[in-house]
Amino acid sequence: MLNVYLSGEIHTDWREQIIEGARGLDITFSAPVTDHAASDDCGVEILGAEPNKYWHDHKGAMVNAIRTRKGISDADVVVVRFGEKYKQWNAAFDAGYAAALGKSLIILQQPDHDHALKEVDAAALAVTRTPGEVVRILRYVLSGAL
Amino acid sequence: MLNVYLSGEIHTDWREQIIEGARGLDITFSAPVTDHAASDDCGVEILGAEPNKYWHDHKGAMVNAIRTRKGISDADVVVVRFGEKYKQWNAAFDAGYAAALGKSLIILQQPDHDHALKEVDAAALAVTRTPGEVVRILRYVLSGAL
Amino acid sequence: MLNVYLSGEIHTDWREQIIEGARGLDITFSAPVTDHAASDDCGVEILGAEPNKYWHDHKGAMVNAIRTRKGISDADVVVVRFGEKYKQWNAAFDAGYAAALGKSLIILQQPDHDHALKEVDAAALAVTRTPGEVVRILRYVLSGAL
Amino acid sequence: MLNVYLSGEIHTDWREQIIEGARGLDITFSAPVTDHAASDDCGVEILGAEPNKYWHDHKGAMVNAIRTRKGISDADVVVVRFGEKYKQWNAAFDAGYAAALGKSLIILQQPDHDHALKEVDAAALAVTRTPGEVVRILRYVLSGAL
Amino acid sequence: MLNVYLSGEIHTDWREQIIEGARGLDITFSAPVTDHAASDDCGVEILGAEPNKYWHDHKGAMVNAIRTRKGISDADVVVVRFGEKYKQWNAAFDAGYAAALGKSLIILQQPDHDHALKEVDAAALAVTRTPGEVVRILRYVLSGAL
Amino acid sequence: MLNVYLSGEIHTDWREQIIEGARGLDITFSAPVTDHAASDDCGVEILGAEPNKYWHDHKGAMVNAIRTRKGISDADVVVVRFGEKYKQWNAAFDAGYAAALGKSLIILQQPDHDHALKEVDAAALAVTRTPGEVVRILRYVLSGAL
Amino acid sequence: MLNVYLSGEIHTDWREQIIEGARGLDITFSAPVTDHAASDDCGVEILGAEPNKYWHDHKGAMVNAIRTRKGISDADVVVVRFGEKYKQWNAAFDAGYAAALGKSLIILQQPDHDHALKEVDAAALAVTRTPGEVVRILRYVLSGAL
Amino acid sequence: MLNVYLSGEIHTDWREQIIEGARGLDITFSAPVTDHAASDDCGVEILGAEPNKYWHDHKGAMVNAIRTRKGISDADVVVVRFGEKYKQWNAAFDAGYAAALGKSLIILQQPDHDHALKEVDAAALAVTRTPGEVVRILRYVLSGAL
């Protein structure tokens, strides 16, 4: 059985594609909260409003970290997807965090980001371009079938 | 004695400002190679050319990782600077790597990046705006003087 | 599935409130022995009386540590509740122990203790005021729903 | 050579007594910042004022943690002193943190706190009543002489 | 659920007494091979005879270590029983091995060995005199009931 | 229950012999992908062709490492088989990797390789000559029966 | 440079023989307190008398553990000497402790104890009969000269 | 300062070339014993003859492991050289051992071994063809100069 954590970009359905594609494989998937508004506001929603945006964000990021750290710590494989837009520093942070813990890292990104991601890719065991490639790797890792 | 690794942005003289400001303190600083061309080409320069840009970058990133991992592993404190421009995913990767190793993390960035860096900041013990603030923290940590 | 250890104050029903509130979530809760007399006397009850109160206490604290260490070691999340009264050094000790093991820490305490608990809070991912807030965090961490 | 971290109460001169008593022994002592005002205000002094006292405290506690974690991590022996007054939850937190890292723990406290500290004492290798006892232990550990 | 490894003396039925006494508790017990002849000869029986008694013993001890290390590594609690006779250095070795791994250690021994076992006892959370005391501790640790 | 990883030579049916021989024992076996062509080509099949044979091999080796590291990390016992032919450096690499992680190592090899494998054997708990000997060890470790 | 901890029997001059024999090698030796009376009484001498011999011993063993753990933790090589007499369970405990930490273990003992020490020897990289053999090993390890 | 361990082939002067080439750099080099006869016979020379060649080799390999493990554990960088001839399983074992400890790995080998070494190379940060390339990497890592 494989634990796979799906980190990074939250604006497209790449997670669903991987999970759907991996149907039938003995994999438990986990992921951060992908509801953008909930993820941004969870801290102040639960723990009380903050007039200062910095602390507003901070409280949310801390609460989300409970889920994120659990997900990465329990994972055998961490897939990190970088999308076309946005800074996505949390994705790169997760990749570094996972690498330091010795997790097997799979990066999912487009070629135009290759140069900017070269240090991240250097810590990965596979750099993929499509969710389908991730699925094929997971299937091969579990079953040995190409 | 404190080991401090200075990660991130390589286009301004923030490292020099910190090292200069910390003169007289019992600190050993280390950093990645900040000569941009050398950093990009070290792999192929030493190990042979690659026609494919991806492997060109990969070989360089791997060689640089020897220095980076040593620097972070030996550090008590990792300072990560995010500049105004570029993706800087390697900076965020280093921050995640350092966090997972339990290093004390100091982030140096401008307020307009606060929201994008909230997960990174949430792993830090201090978020600073100027090299001078980093120096004051290092001085305080070593001497107790404000 | 989440393992949650509930450490600290044993005079109110905050544990029951959390467990009740979290009904239906995939959580395994553990806690120290909360029967005050049993907790104080377990050492001498099982291993023989001690005329010296120090060793009386010591034997009990050692036996309780078997349960406490297991609970914290197995936990993903450690909730530490500080009540209004008493020294509660064991609660702060558990918080430090959990922090050093990299556990996600949630503190439950009233605002009048904020200053005295600032070092403990600084190691936490959330500082809560009511059992209900703890429940909301656990639900959000597991389901992503606010 | 022995690294000894002196944690806890900051209102009496117990640290000076130990350091003075241990003169001539091959020991490097470290400690938190014991200037109470500096310790409370270091965060906002360096990183900017906070209108909310909670975040004021939080910023300071985080900066102090850089020093504290370094001190405990580098230590062979952690001495934690509990005074007569105040909550001193940071002292108990440090004791727990040190215990989880496997550090040799020496507690310095008066008998009237024995019951309240029984869980902390249970993690210690010595419970002492005076700075002189701590010094005698350190001398014995290094030299074998009583 | 508790994993308990029962190390040490193999000539009396103390393991059976504990397992029987703990019936109904959520405990998984493991132990070394207690068939003395099998334990002594397993190496040469499986891997071929050795004319030299030292290597005869060595091969057996190595094969037994596969089981012993697995048992101790998986355990939450390691109980080590010292009997009245024999050197029992393997029991003391297991106690040291378990202590270094941070396992909760319970020693089962008679008072006449207290002085000789003082260093071993100093690493334990409980020193017991009868299998019944071990059972009471395990029951208390799991259920909180004395 | 025992997790056993079967590393090394892939040209004979030694894995099947062990798995068959161990039928009825509470063992979960894992292994690398033993389909030679799939193992060699998995990287380029999934991630795209490489004109340079070195990178062709590299991509495959990285993908296979996801499976290999998971298998070794999860294992209690790692069996490494060295065959009569080929360099088999990956087998020796796995043995070193497993040894550094503290896994119980069983080597399966013929006497003519004893001298060349002496450093590898020195890290093992058993050096066996046939799959049947491995099975007997596993049975003994689990059941105590010779 | 090599750190060598010399554990075990304290009635003969084997430590002096090794230290003398290793003169000129780049080795730092450490050892437990070998003054038998001081070692037995250090706890009560420093921390106050105990009417109960068990706690008398316990306090001493705990204080000695500060030195012992430091010595073993800092060591590259742990030499454990078993003498002809006494139980010497602390020696076997140290051997187990060192083995679990991955230290290189050298045992020094006479052949008549081979069978009783087989589990301890199985964790060692060398079993020696004289202090001179230990010296020869240390010299070879450092210089490569036989 | 960099600690570099030079593992593998012992029949050519590649170590001397690297050490000579790195003259002036702040590097401490270590290596296994490269005197082939001493390395083979150290066990029986020091600890007594063995009629059985297997145990003859075993005793030597164990003694050599004291030096090897120290060298790899202390290293920041492990260079492993595979020569043209021989099985060299100890070199691959060292590479696996170093990889599992998270050391930066540099492989030195000729292209005709690329396929056989692909799993080893996949764990490395650089694959080099000449001692000069290793020197250039070490110089770059320390000084940033190409």
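Residue numbering begins at 1 within each chain, and the chains themselves are lettered A, B, C, D, E, F, G and H in the order written.
Methods note: a residue touches a chain if its C-beta (ideal position, glycine included) is under 8 Å from a C-beta of that chain, and two chains touch if they have at least 3 such contacts.
Remember, predicted model here, so these are calculated numbers, not experimental data.
Keeping to the contact definition above, tell me which chains border both chain F and chain G.
E, H
Measuring between Cα centroids, which chain is at the maximum distance from chain D?
F
In terms of residue numbering, is the interface formed by chain B and chain D classified as same (over half shared) or different (under half shared)?
The interface is built from different residue numbers on each side, given that under half of them are used by both copies.
State the superposition rotation angle between the two copies chain E and chain F, fitting on C-alpha atoms only and giving a multiple of 5 degrees from 0 to 180.
90
Compute the distance, rounded to whole Å, between the mean C-alpha positions of chain B and chain E.
49
Express in whole angstrom the distance between the two chain centres, defined as the mean CA positions of chain A and chain F.
31
Just curious, how far off is chain H from chain D if you go by their C-alpha centres, in Å?
44
Counting only residues that touch at least two other chains, what does the list for chain C look like?
Those would be 62, 65, 102.
Looking at the complex, which residues from chain E come into contact with chain F?
33-35, 38, 41-43, 45-47, 59, 62-63, 65-67, 69-70
Once bound in the complex, which stretches of chain F touch chain H?
Spelled out, the residues of chain F in touch with chain H are 53-54, 57-58, 60-62, 64-65, 68, 82, 86-101, 111, 113-123.
How about chain B: which of its residues touch chain D in the complex?
Result: residues 2, 76-77, 102, 104, 106, 124-128, 133, 136-137, 140-142, 144-146 of chain B touch chain D.
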